[in-house]
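See below for the structure under consideration.
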Amino acid sequence: MIAATDDAVRESAGYLFAAPTDFFAAVWEAVWGAYTALFRGAVYNDRVDDFATQIRPLTETLKYSGPLIAAGLGVGIGFRAGLFNIGGRGQMLLAGAAAGYVGFKLDLPMIVHLPLAIVVGMAVAALWGGLAGLLKARTGAHEVITTIMLNWVAYYLVLWALKQSYLLQTPGSANPKSLPMKDTAILPDLLGDRFNLHLGFLLAIVAVAVMWWVMNRSTLGYRIRAVGESPTAARVAGIDVGRTYVTVMLIAGALVGLAGVNQTLGTTTSGVTPDLDAGIGFDAITVALLGRSRPLGILAAGLLFGALKAGGFTMQTSENISVDLVLVVQSLIVLFLAAPPLVRAIFRLPSKEAK
Amino acid sequence: MVSKKTPIIVGVLTLALAIILLRRGKSGDTTFRLARDSDFVQLPDVVLPGMVSAWVLLIVCAVMAGLSVLAYTRTRPTPAWVLAVFAFAWMAGFLCWAAIGGRLSVVSLFASAIALAVPLVFGALGGVLGERAGVVNIAIEGQLLFGAFAAAITASTTGSPWAGLIAAMVAGALIALVLGLFAITYYVDQVIVGVVLNVLVVGLTNFFFRQVLTPNAASLNSPDRLSVIPIPVLGDIPLIGPVLFRQTPLVYLLYGIVALVAFALYRTRWGLRVRAVGEHPMAADTVGIKVNRTRYRTILLAGAIAGLGGAYFSLVSVSGFNREMTGGAGYIALAAVIFGKWDPIRATLAALLFGFASNLQGVLKVLGSPVPSEFMLMLPYVVTIFAVAGLVGRSRPPAADGIPYRKE
Amino acid sequence: GEEPADEANGGNEPAASDFLPCIVSDAGGFDDKSFNQLGYEGAKQAADEFGVELKPVESNSENDYAPNLESLVAEGCDVIVTVGFALAAATKESAAANPDIEYVLIDDSADGGEDGQTFDGKADQPNIKPLLYDTAQAAFLAGYAAADFSKTGKIGTYGGMPFPTVTIFMDGFKQGAEYYAEEKGKDVKVVGWNGKDGSFTGGFEANEAATNTAKQIIDQDVDVILPVGGPIYEGALTAIEDSGKDIAMIGVDADLYETDPNTQEVVLTSILKGMKVSTYEAVKAAGEDNFDFEPYVGTLENDGVGIAPFHNFEDQVSESLQSELDEVKAGIIDGSIPVTSYLNQ
Amino acid sequence: MKLELRGITKRFGSVVATNRISLTVEPGEIHCLLGENGAGKSTLMNVLYGLYPADEGEILLDGEVQHFTGPGDAMEAGIGMVHQHFMLIPVFSVSENVMLGHEATGFAGTLDLAAARERVREISERFGFHIDPDALVEDLPVGVQQRVEIIKALSRDAELLVFDEPTAVLTPQETDELMEIMRQLKEAGKAIVFITHKLREVRAVADRITVIRLGKVVGEADPKATNAELASLMVGRPVELVVHKGEAQLGEDAFVVEDLRVVDAAGHVNVDDISFTVRAGEILAVAGVQGNGQTELTEAIMGLQDHVTGSIRLDGKELRGRSVRKVLDAGVGFIPEDRQVDGLVSSFTIAENLMLNRSFKSPFVRRGAVRFDVLREFADEKLKEYDVRARDIDSEAGELSGGNQQKVVVARELSRDLRLLIAAQPTRGVDVGSIEFIHKQIVATRDRGVPVLVVSTELDEVAALADRIMVLYRGKIVGIVPGDTPRETLGLMMTGERPKDVVA
């Protein structure tokens, strides 16, 4: 039935110019119908019998949430200090590439290998983020510009490294893709082979906890907040604003880097590619804002986005909703979530008419 | 206090060029083409002995660097003419070296820089206007894309690219309207709305592109291109003519809009009020200016301008819409807004610098630069970082930028 | 791209048979005017012949490959076409987990073994059929033709991004032009590709970067240009128009003359990469239960790659060109004219 | 124009800012509103001006009920207001600020700046202001900005003028000039509402006085009442207007500044080779018209200025060249002149603001963590001790009235273990009750043997606190004189002249 409505969408799309209202009515119906699919794909699948398969969507949601949460924290901490870090893409790419390099190149026992790969990835991303912070602190260069530009620089850097067999490229292959990760560098599955959920999610949760403590309990967080709320007052109070910017961008880079690491060592372990960021660097901005830059808010927003992603596949395959409409639905959900008064206005309308 | 930055940058650049010339000497002539085949006045090609010319220009650079240091020691800023001469000599010297054995069309060097910058300038103007009124517009990308989309369809169905331009403006304004609804009326964080709108537009245009445009490409997605229309007389001036006045009407429109926006923003009542609302909405309110109404109007206009930039993609660069064809230009435009310190002229210059660097990158690669293409492709981005860090420094946004205005 | 339109009534009809072909795109999407689109069209054609529905799934990012495959498996697909080297790993994984499903992988050999370095010339999973195309061979012919056609002695090429599936065209093109120069003792210069590196627009969007790169190449007095990468040829089209000169363009993947009528005035020829046919055949074979897992390599010999007719340029190319090309083609097929590419290095 | 407010109530959440306030202002009358910080004066005026809708009550002008939907309507009706927090756009020129909202335009909406300039000049001349119409507001000293606000109101020919604490940032001379202007306006038949905390001013111009406390009218006062009577009516208890301070117990030369020179980014010399000494247990007051280098002097001491030469020694240790943090660590307490920008983080709670410059060391910090228990205890204590009127320590600083914000800053600085106190405009915009309190605290700090540098443009304050007075003019010291130097002499010195009978 829902499939039929989607076909209705397509049909009406054909005569869009003749009858636009039909089209939008159809879209709306399809969107509405999509929710069930979304739910089935993101939380609980009621169409299968065994419990493990039933809750599998939930674990998928968690898997997708991991990097979104980590990167969301990275963008969020920037916001708390008054910095707009659009550099998630570049930071993730470099983190993924560096972690990947360690992951496929070295031969080490897992206990050393995995942590080393994670730390290297995060450290490289931290430096990349810190670079934007340093430029801001030293020259006043606006972080929005530098991070956007550094995204591209990182992208081409990774692309280049993927053509050098002494760096990332698989020897003997011409494709811009590295070797797969060694088993000792792969984030282990949390719930066994049947589920894709891996340690990356737990790391993201740990990051949430750490960030919560840092922002709400530590003096560093206190100073970051002070700088974010009033750089002038912070300066008079002896807080070195420039140094704080650098620190924040280092931390932000490391957190976004965790998301990148999560990608190469957890979600797609088959090797480093130039697209490993998978748009998460940008999604993280919305996640951070939706979560009001608070660690727990980001956790919630990250879970929501993870659910939207996981559910999106089911929406596409089983409901025949094009991947593009999935994007549309996702963005509408976010917009309306961000504007509770608007939603209230919409839903109050009928009640007013009733009077 | 005079900043050390300028003499240092100038010195380092001079040194860098010297090292290039010393380390990678080449032999041969460099041909500079000063006219295009189609030009009215055919200036002859200039053929220079590459290395010798480069060395001469390097010496000019060194002298200018010396003057800059001298100015610094006298605690004076480096005079603008010194910087101008330096920039010219450095670029010319570098090109003399880089183009040895090849042909370099000077006209194309600049004309293409403008062409590459056009959508960025439109986008940046849209951004500048919005932010001047206190509304951060991250949705430039979405406005460009939607503008490109609407322009292609409308121009195809009506058969008139001009109708396409109007549709692009409407499309851009439509996005601005949504931005306004959420950000101004419902106080949703402007950055969220912007980012999400970009995603929304990608989704919508991709969907329609596939479902509607691709199957009906002949009727819906094959607009007539806005072609180059040389301006009589002006277009025949040697060098300048082909660079500035042998462009598409959209580019002429751009000249007009840049001038108009710059003028209106600083010289008219409308501009004064827009700026007031972006700097101190409460103060504007206390003198009876309707803050949110002004903001709405301004972003609608800004959206229309950005939308026009979108039309450049589907009516000028190529004819027809393609999925995600703006490829991040909106974000570069956003950077130009900030780089240009929220000023229409400076933002335009910032976009032009970016356009120049992208074009240079391609030109050098075609001439056979030994640097890997990935690094060449980085050039415009790296140049921007250096320019922002080295020359621009701190920039101050309009004080109320991004802050919704609510009374209590 | 005609297909998506007549899909509108596909959903309501019951499937004629229970054969379910499926296809996953890479991040380019099915309207990329390149391999995703051709793969889709081929699979669609096969599905239509069987009177069944094709289940297409697009990916937005590399994160989506595995889940998309998973959900297709869950949907009960019998054959899954995956497009692009980027999907190789996900395909291998899915294939390993679902030995009953047949996989068709376009543009990658799925070879390399567990460690990614053990190449045995076969796909690592027995149920994957790789479809590969030695487009350098066809591009060689195009380079030869271009060199012959060029009056300025300069021909040019540029790509979207420096990926091997892109540069293989540029490689063959350059070799063909050089072969021509050597044979004829003429001076032919290839602009935009030096055998290792060259001009790229930095993406696969038809935008000003694409147009401008083409212009820069044309500025070097080039009169035949080969843009490689989805819709970026549209930039060349614009650049040619703006230059006001007689410049010919060479298309890639499919016959541009047919797929984009706007180009008919300027396409000299196109380098054909038989993705549509080979995908069609693979899916068809799967539906008829005579699927084989031998890697398919499209060559001039098996007509998996080739060049399109000269169409409007028929009477502009030199008279002997077609026969020379036939000779060169035979030479390539019998190995007397070596063409190197990443597939045979 | 006659104004009548009837039963105006305005609530902010649970705070009742004004509680059924009624008020009448006749044409040709200067009506003073007196009240403590946070009494609701500004709120009442903002309601009148259409900025906030009233929850209850009505506004009548010449007997007619008004329904303002915004300030535009109020201005239209002939109300002009000089706001407590300036409503000027810093990056605009004076003319642009003045013309905003009722711009004269020429062809195609182009601004007629010439007309605006003319208008500014005309009004300036009428009232004896010296204002460059093309100067950017942000470059002007606050006193001048104040005049721009007045010109703005006058340029619209308002019939009713509201002055909300216009004198808080003015020098004595400027204040006198403003009083004169108000009298002129009154003569011209305008109705004036004047809000101030300075009783001297009230007595100088008021025709009628209404006292507000805790959002309610508590009564009218006679303009001839004594300062003490007014003050106690306002605060609801007797107030000591002059702080009793004992003889200074002078210690050694604890704070020594030599040849200090401060240059700004544009190369202007703001502090020009000045040298002075403050002894332990002494208050040195720095007097001078705003903008004569006081700000730069205090900022240079704090390490907030970039280009400083000379020497700044505290207890023999050099402070110049140290970071702000090190200066603070050396025991320097600093009350910055602009509390909203430099003194407080307005979105932080009171408690959080109380540890603003102690985020590195104990008592509020242990191993990188903030000790919130200690902080809260401390904050509760200070809230009581300094009588900060706030819901509790978790109120945001930005919600507090100006006086209460100032108390938070003072509480923070004075509760540290100080070796030197620098207080810039410590009681700007603060009500009499709080002034008394803050002055007492400063004197008590002196009596603990701490050298104190007070910067003030307020001669009353200088007289109340100073053991010695240093007058600055254009970055140079005009003279350092005893604390009991007469007002007139000081006033003269502030114009750069140095009377002969003054001993250094």
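Which chain is which? They are A, B, C and D, in the order written, and residues in each are numbered from 1.
Please note the rule applied: a contact is a pair of C-beta atoms (placed from the backbone, for glycine too) under 8 Å apart; a residue touches a chain by one contact, two chains touch by 3 or more.
Note that the structure is a prediction, hence the values are computed from the model and not measured.
Asker: Could you run down the chains that neighbour chain A and chain C together?
Answerer: Joint contacts, listed by label: B.
Asker: Specify the chain most distant from chain B by Cα centroid.
Answerer: Of all the other chains, the one whose centre lies farthest from chain B is D.
Asker: Counting C-beta pairs in contact, which comes out ahead: B-C or B-D?
Answerer: Between the two chain pairs, B-C has more contacting C-beta pairs.
Asker: Mind checking the centre-to-centre distance between chain B and chain D? Centres are C-alpha means, answer in whole Å.
Answerer: Chain centroid spacing, chain B to chain D, equals 46 Å.
Asker: Let me have the rounded angstrom distance from the C-alpha centre of chain B over to the C-alpha centre of chain C, please.
Answerer: 34
Asker: Quick one: chain A and chain B, Cα centre-to-centre, how many Å?
Answerer: 30
Asker: Per the centroid of Cα atoms for each chain, what is the distance between chain A and chain D, given in Å?
Answerer: Centres of chain A and chain D (C-alpha means) sit 48 Å apart.
Asker: Mark out which residues of chain A touch at least two other chains, giving numbers and ranges.
Answerer: Counting only residues that touch two or more other chains, chain A contributes 10, 14, 159, 163, 322, 324, 327.
Asker: For chain C, what residues touch not just one other chain but two or more?
Answerer: 5, 29, 162
Asker: Indicate the residues of chain D shared as contacts by at least two other chains.
Answerer: none
Asker: Of all possible chain pairs, which ones touch?
Answerer: Every touching chain pair, ordered by label, is A-B, A-C, A-D, B-C, B-D.
Asker: In the complex formed with chain A, which residues of chain C make contact?
Answerer: 5, 7-12, 27, 29, 55, 57-68, 70-72, 74-75, 85-86, 88-90, 92-93, 108, 112, 115-117, 119, 161-164, 342, 345
Asker: Touching residues of chain C toward chain B in the complex: what are they?
Answerer: Checking each residue of chain C against chain B gives 1-2, 4-5, 29-32, 156, 162, 191-192, 194, 197-200, 202-203, 205-213, 215-217, 219-221, 231, 234-235, 237-238, 241-242, 244-245, 261-262.
Asker: For the complex, give me every residue of chain B touching chain D.
Answerer: 1, 75, 264, 267-273, 275-276, 279-280, 282-290, 399, 407-408
Asker: Which part of chain B faces chain A closely enough to touch in the complex?
Answerer: These residues of chain B touch chain A: 5, 157, 181-182, 185-189, 191-193, 195-197, 199-200, 202-204, 206-208, 210-212, 331-332, 334-335, 338-339, 372, 374-375, 377-378, 381-382, 384-385, 388-390, 392-395.
Asker: For chain A, which residues are in contact with chain B within the complex?
Answerer: Counting only chain A, the residues touching chain B are 10, 13-14, 16-17, 84, 86, 135, 138-142, 144-146, 148-150, 152-153, 156-157, 159-160, 163, 282, 285-286, 289-290, 322, 324-328, 330-332, 334-335, 338-339, 341-342.
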